[in-house]
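To start, the structure under review is shown below, and the notes come after it.
To keep things simple, chains are lettered A, B, C and D as they appear, and every chain counts its residues starting from 1.
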Amino acid sequence: MLDVTDLNVSYGKQKVLRGISFELRQGEVVTLIGPNAAGKSTTLRTLAGLKRSDSGKIAFDGGDMASISTAERVKCGLVLVPEGRQIFPRMSVHENLLMGAYHRSDRDHVEDDIERIFSMFPRLRERSTQRAGSMSGGEQQMLAIGRGLMSRPKLMLLDEPTLGLAPIIIEELGRIIRNLAKEGLAILLAEQNAVMALGCADRAYVLQSGDIVTSGDAKRLSEAPEVKQMYLGA
Amino acid sequence: MSQLIIGQMLNGVIVGSLYGIIALGVTLTFGLTGIVNFALGAFMMLGAYTTWYFYDVLGLPYALAVLGAVCAVSVVGYVSDRALFQFTRGNLVNGLLVSIGMISVFEALVLAAFTTTPKDLTYVLPGALNIAGIILPKIKIVVCVVFLAVIFGTYLALTRTWLGRAAFSYAQNPEAAALMGVHTGRLQTIVVVYSTALAGLGGGLYASMYSIEPTIGSGYILKAVEAAILAGVGSVIGALGGGIILGISENIGSVFLPSAFRDAYGLVFLIAILLVRPGGLFGDRP
Amino acid sequence: MRYAIAIGLLAALLAPLIAHSDSVLAIAIYAFMAASLAVSFNLIFGFTGQLSMFHAASFGVSAYIVTILVTTFGWNFWLAIAPALAVVLILSLIVGTICFRFKLKEFYFAVVTMAFSEVLRLIILNWNGMTNGSLGITVVDRPSLWTPIGNVAISGGVAWYYLTLALLVVVYVVCHGVLSSWIGRCLAAIRLNDQLGETLGIDVFKYKLLSFAIGSVLAGLVGAFYGFYSGFVEPHYLSIPLGLDIIAMVLLGGVGSLIGPVIGAFVLTALPHVIELSAELRIALYGSILVFVILVMPKGIVGLIGSKRNAA
Amino acid sequence: MLLDIRNLTKRFGGLTAVSNVSFGIERGEIIGIFGPNGSGKTTTLSLIAGILVPTDGSIVWKGKDISAVPPFEVAQHGLVKTFQNPQLFPELTVAQHMRIACHLHIKRALGFGRVWSLFGGMPAELNGTLTRKIDQMLELCRLADKRNEEAGALSYGGEKMLGVAMGMVCEPELLLLDEPASGLGHDEIMNLDAVLRDLRTHGVTLCIIDHKVGFLGRLADRSIALHHGAVIATGKTADVLANEAVIEAYLGKKHA
């Protein structure tokens, strides 16, 4: 479904991704793990079209993504839930969700979808008219995911969803991700929290300094010493 | 005395709503493109002259003349965005200088075409209302109501329509808006052009109340920028509030203090506000 | 570049021997004064990165003070310069302290300095008893000027030519001296990255204020001569359009170059006389140049010459 | 004790970025601060350097409280910070950067005498000292052959090294390094490693933030681990790295 080959990205002179390749199939949860500045966010931002790549191919659903804009990619069903819960703070929860459906042509069905999101995240229903900026970090993260789902994506890119969240919320997030995958949504999860990420993913790629150093089955990797070594350098 | 003050306050509201409508354009353009478009003053002046031309020279009905002027100014706004402003997005100083350069071009061209002699429109709506001893020309009331309606309409559009929400969300977080599938370049152009249309409308209605000269825009854009900063850049209703506060403070100020300095009151007020609350009165930025 | 400047200066010194025409001399005199303004403005804008809209105010206030002291109170011209510069210095320190203490930057700095300058203009416009309001003050007869070699009537074009050339040289040398010293390096650090400058131990506030004050006082110096040469002062001297002309000269010549503004000032002062234009179209031309330069040649004429040379 | 940080707290609105952090730095040691993204490392460094003002707590430098002192004065006291992303002046050469960074040296040497140097020029003796000092620092930071290159032409590693060299020319007693190794390739890190060791023998105390645990593990004598703005472990670097809480913070909590 998503096929990335030999992707190179740099910020100015700083090479951030050094020719990485990976793939993702329908209904699969794949995680990119690695320490800070390994290039996880950059990978997702490049996939979403926020960052231009130097070279490499991004094939999604058979089409080439490299040359089209972020807005077009959303239309193709590829949506990014950015790092740091970038919701619209001065809009209500309901308006935030509406924005998620901005590009859709079937705007009559939008309210039904919002209802669906509300049943998935009951907390959001309670806060429907509240200003999004006044909610807690966990609620904002739920809103950001809900807003991403409003675009009816085929593939959702999740960037560091657990950042700064309490353990109990992280657990809930893991369950939500699994449930979404069961419904057929493909998810690419970039995470620093390796235990959480490996716990809910099918497969994983380990990123370090812009290179994929290991990859494979998530269960197997969670036991592997190289994961620990990569984080702690021991 | 109290009648005088109430009268001055009402006049302040009327002038303030004119500041407000241009300040709204300043605020919208700044929120979406990161530049302060001083040329909006020139667009206002263009709107006034076009209205005068359509109404007094070509003899169109006034409403139609204003509409035509708004359309004409929007076209100029579109061309200037494509040709100039789109290259200065996000660069405040360059945007400022380009828009200032445009003012001199527009003013000079109008000056060359119509000379400095002030133009007065034939009365659009004569007569005045006398409310408890306070005399208000009917036209001023109509103009003020139109401005208020347009500002509130803009506010509603920003919160209730898809395009409006897109603009509002873009102003809060451009990147997240792009991730929702908003075509950001197109949206910016729309807002820049809409702002020039607002200025054109402001000019068209201004022409029905006061005589017009090529330099009217410069004074009003300064007031509008003051109003926008006073309110806190980015707030729609704040732009109106800032305009009215400015209008009232000038009018009341000139009751008690020498009226020759009326332009200075707003400036001193502005400096004080900026120093105490850099985000403006209604702004929530630090 | 150094040789080019030396040759230019030599040519300027010899020029009046060849060109006697009063109108040519007058253009040159205005160009020298415009260039002095532009060079001093560039110290604040190009080299420190502060878009000051106060420059015309410094220029105009000083022009008014000198003119009033000479015409109304009968002071000697040279003596009148001192209080004028002192007032400009105090004003610039007040405005600068307020702006920089509150860390106003870019647009906000421009707007607040513009506001202060408007307030000053309104005061001058309305202080009829002293300034004669919007009509301005005319210097009817040009009093002779006391110089160390005795009273000399500086009235001829040639005399003013050399006087204003000397003014330009003084302004240029002062700016050059400031910029090539440690102060210049601090200003560069502030313009390019004030946070880095601060972590390197540079007192950003102090140096911003210093550059603002030096630039403003130099503008005041130009104002003192300008009012006297042109024979009248009017509130327009403090206006925003004058500030814009200065910006246009700096941008056209080259921001951040010392000699650039001189070139820009000469081009913009001489151009309208070379190609006959009405006043309105001249303003339009200024505006177009401003827009064109920003969008197409951001480094101005000097940048254009520089890049040609690098390419060769 | 050179630097003593007591109960340092910084809140941004509702968010507590640094919470009740205390630690000390002794003269001559290399201290490492690490922690995952968003753990408050950079905020802590900015607080020490005076770029941010703490909400609570104190920063005591050689017995003097400097918690509300502006950054340029902090630098004058001998506490200099480098930036994570090199903050340079692209059109100036390496040597010109170093001249700018000599500001404090000139100020210390001349005091108000600087004003006279505007008319008479810089004393030749001082000029010689500065040139020698700059050469020495560029040598130390392996930039000597690049001295006349424009900063824009340097590699990313070179830019970061220039940042360190500029910091060093300010003659700090304590140099705060914000992620000096981030974005560098393997060879560049090895080079950085050698440079920082040389700096230490030069008598400078170093405080380094980084997320490259391997790099810090080799270099730092003592380390402080931050998580959610609070200190979760402190002590000998090897011990800190073996600490259960630190491993959890990096890998995520194990759930039953």
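For the reader, a short list of remarks on this structure follows.
By definition in this document, a contact is a pair of C-beta atoms (placed from the backbone, for glycine too) under 8 Å apart; a residue touches a chain by one contact, two chains touch by 3 or more.
As the structure is a prediction and not an experimental result, all values here were calculated from the model.
Within the contact network of the assembly, the step distance from subunit B to subunit D comes to 2. Of the two chain pairs considered here, B-C and A-B, the higher C-beta contact count falls to B-C. Chain centre most remote from that of subunit A: C (centre = mean of CA atoms).
Chain centres here are Cα means. That of subunit B falls 32 Å from that of subunit C. For this pair, subunit A with subunit C, the centres built from the Cα atoms lie 56 Å apart. Rounded to whole angstrom units, the spacing between the C-alpha centres of subunit A and subunit B is 42. Distance between chain centres (mean CA atoms), subunit C to subunit D: 42 Å.
Interchain contacts close the chains into one ring where each touches exactly two others, per the touch definition above. Pairs of chains meeting the touch criterion: A-B, A-D, B-C, C-D.
Residue ranges on subunit C touching subunit B, taken from their complex, read 51, 98, 102, 104, 106-108, 110-112, 114-116, 118-119, 122-123, 125-126, 240-241, 244, 247-248, 251, 278, 280-284, 286-291, 294-295. Residues of subunit A that touch subunit B in their complex: 48, 50, 69-71, 74-75, 79-80, 82, 86-91, 95, 98-100, 102-103, 107, 147, 151.
By the touch rule above, subunit D contacts subunit A in their complex via residues 36-38, 155-156, 159, 179, 182-183, 185, 211-215, 217, 228, 241-242, 246-247, 250-255. Of all residues in subunit B, only 36, 84, 87-88, 92-94, 96-98, 100-105, 107-109, 111-112, 218, 222, 225-226, 229, 258, 260-261, 263-264, 267-268, 270-271, 274-275, 278 touch subunit C in the complex they form.
If you check the complex, the residues on subunit B that touch subunit A are 159, 162, 165-166, 168-169, 172-173, 175-184, 284.
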